[in-house]
């Protein structure tokens, strides 16, 4: 077995979730890494949409920002940001919303707004961005984030984006059209909502990860599926593609100059 | 009708203390030079509006120009936090910053409403989130045909919109392309509009259905080469990712931030001098 | 995902009797060939939607395909009346035609609402006019912030949108340019979309920010050269103003209309044969 | 004095109303003729917007339809029809709305919908098109139409577009932002609304036209301004420009072939 890091396992596991040909609304960072890795491996026909406007972006390196020039230059077309949110997301054209998170709870709700009290924040996070409506409107939502006790919390400090609300049929009662989060991919495992309660349940452990490790990194008493499996490790070609992508990205973003002093 | 003027004159004539100002740009074409000029002219009590406040808003906030921020995502894209923004929100330094916080979808729709002469926008948003609890400008109404519940937000109608574009012609017609963000909507929603451009040309030679802002919706056009740096201008120069990373260090400490701003912004006459002072070489576009 | 197919197959597979069909085009790029195919296949009980029903809707109405028309301006542009439309409205011939009548602004907004996944559109419209008295789909609501009164109309959500465009690539991505009307909105508002095109090319070579309909929002792409005649396709051929004038004569009389339609549309296999049968030479673009 | 027709006088008088540099939303037919004549004579900087999408159209011949190719080819830019109505008209960017009419009443209200009863029409007209919102939203409205008793009626069969409503402050009470019709140009005269009552009053007679002729062609007892003037006849250069435009237009639209038989 090739040696690989937890980050590599997470990126590969997340990329595998994307079926070829699906239309994917991509958040920056881990989601963008996973979506582009998918496009460069098993899903060449995946359509990547970024909230800045590119539809069908095919970057050769990972964008550092949500609006890098290469996203526009390689897209089928670039529309305005209002059009992205109105015609494409709210219009119901997105199969998969691919999101990151600062905090997540057992029902896949997300906080990217604030740690502590909104009015007296301990840490002010960047805020909602496109996430609330991506989480609401995409037919399915994938969430990718590192698995830590600070991230996987018993209770969110702030609900920025709704996953399965308070569980059960809460999402439908809120009138949210999409199915909500169907998988959460971390550097330790995969979690999927229980069909009934919608509580996130660990369905796969990444190779070499113990249940206990996941339990300790989760802020609620996390459940494990009866048919818990072990994630297939990254294949050599998946790893090669990912490392190649990261190398090209570092070269591209590092080579520019312009130091602030 | 657009007047072609210097950025200094445009900011002096068109931005007043207490104004609501939208310096828009979605990663691409962010009007950094114009932001600097607001700081140089010590504009105060501004209500700043923008979907994605980044470094230039961090600078405006850190220099105490802003009273309030209407926004949907405030960070240093690809790097992390905006330290001056956080210091204002978490500690009230250098002054408290009132927040009106939205999602991108809502704020984008609010600009559309402003551009469309409406007082509010209707969208599917916010259901189940905590945002409405902290923003009284998020309300709900029902479809008069189906009874479904929708979110409503007030239109954004800035006193001044400020954007950067690739080109203008001598008559003041503006052309931009690539990632457009909400810039057209910001200009059309605003009472006055300032556009900085990379160059002023004889003929725009715009492709069919391009994003052209005719001169009768623009108040001032100002030629400021590299005026979007460290953001980028497609067809002209690349995003200066190193500067965004460097900003994390510069802005982390109140004193270092202040010294840097005084030295490179307050004590320089314009953006060209700033670039020289700060030792910035604007990166060329990467060949594909 | 778009399939590239013949127009006959596309209409047969995607349009059902009783469907709501929007054949959009604002003077430019009107999908006449597709309209003929609806007539050839004898589609019935259609609800036709369009801002500017012109000759092709006159033909559909005159041939009894339509049960209802949702529209905002029905005429022969630059010539005068649509005689088959008038005969249906004034005399119920060949069958009564239910009207849902709007203004352009309202219907354009209704398409935008449909494309945007909303059930209704809000606009400043109709105050003081007689239109709301005859259209129960015009309602009024108040801004939740200012209390101002606005008109509301239901979103247009056609079963099928049919448009004509200049180009598609082999994968089914569509490019159109020039006067765009509401075609993009019609396609995005519809459950299924048929696009006829002048040509299918290897690469679209679309300019930045062009009006591209990616293949995942298009159901069928059909190559039909001159498929917009007597409307025009910018870059390909000019509007056939003579035909529009000739239509005034052809359509004035019920019998003459019917004979013409039978001979040139019903008894021809496709649009190329129709053009030959009717002795039509498509006019070239006028050089500037 | 050069010889000229009533149609020529009307076109020239209408063209003169357009100040240079104004932004004008142009209806097809007589308004388009007048607006383009203005552009080709005293108002080269007038900005012509057509509801089909062209902004800043500069056609060398008159368009036969509202969406002729030359409008797009000569425009500063072409936007979608929804954008025209949303951002440009409703957004308050239009100085002058230039409209035609089938019927008009004493308050400048317009009917382009139906003659007779809506449900049992004598003549079904094309309908509203862009007119209701042009009439509502443009800062000022100019109306140009031929002066006949069938057109200038005591009571409209249908109010398609509101001018001054029932007169007085009726327009303001309806919440309509623009000033409404400030002039009506016909082949006989000019009419302007009384500042108080908003009733259309004849303020100028075209050369050679008698009061009585106007009175007979008007379906209500039309009033004449105390300071009634006579319209300046078309100048030779105005006439030359108009005739040239008509000649070029006829050549352009006649030269294409394609007969339906």
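Think of it as A, B, C and D in the order they're written, each chain with its own count starting at 1.
As a working rule, a contact is a pair of C-beta atoms (placed from the backbone, for glycine too) under 8 Å apart; a residue touches a chain by one contact, two chains touch by 3 or more.
No experiment lies behind these values; they were computed from the predicted model shown.
By the document's definition of touch, common neighbours of subunit C and subunit D comprise B. Taking each chain's centre as the mean of its C-alpha atoms, subunit A lies 56 Å from subunit D. The mean-CA centres of subunit A and subunit C are about 41 angstrom from one another, to the nearest whole unit. Looking at subunit A, residues 72, 78-79, 86, 90, 137 sit in touch with two or more other chains. Residue positions of subunit B touching 2 or more other chains, listed in rising order: 112, 117-118, 123-124, 148, 178, 180, 184-185, 208-211, 234. Chain contacts in this assembly follow no simple pattern; the graph is neither a line, a ring, a star nor complete.
Chains touching one another, given as pairs, are A-B, A-C, B-C, B-D, C-D.
Residues 26-28, 51-52, 71-75, 77-78, 81-82, 85-86, 89-90, 101-105, 108-109, 111-112, 123-131, 134, 148-149, 178-182, 184-185, 211, 229-230, 232, 234, 238-244, 246-247, 250, 260, 278-283, 285-286, 288 of subunit C touch subunit D in their complex.
The residues of subunit D lying in touch with subunit C in their complex are 28, 51-54, 60, 63-73, 78-82, 84-86, 89-90, 113, 118-119, 121-124, 126-133, 136-137, 158-162, 165, 170-171, 174-177, 252-261.
Interface of subunit C with subunit A (complex): residues 1, 112, 115-118, 173, 184-185, 188, 204, 206, 208-212, 214, 216-217. Per the touch definition, subunit D reaches subunit B in the complex via residues 21, 23, 47, 55-56, 72, 76-79, 86-87, 90-93, 137. The residues of subunit C lying in touch with subunit B in their complex are 117-120, 122-124, 137, 139-141, 143-146, 148, 150, 152, 154, 177-178, 180, 207-211, 234.
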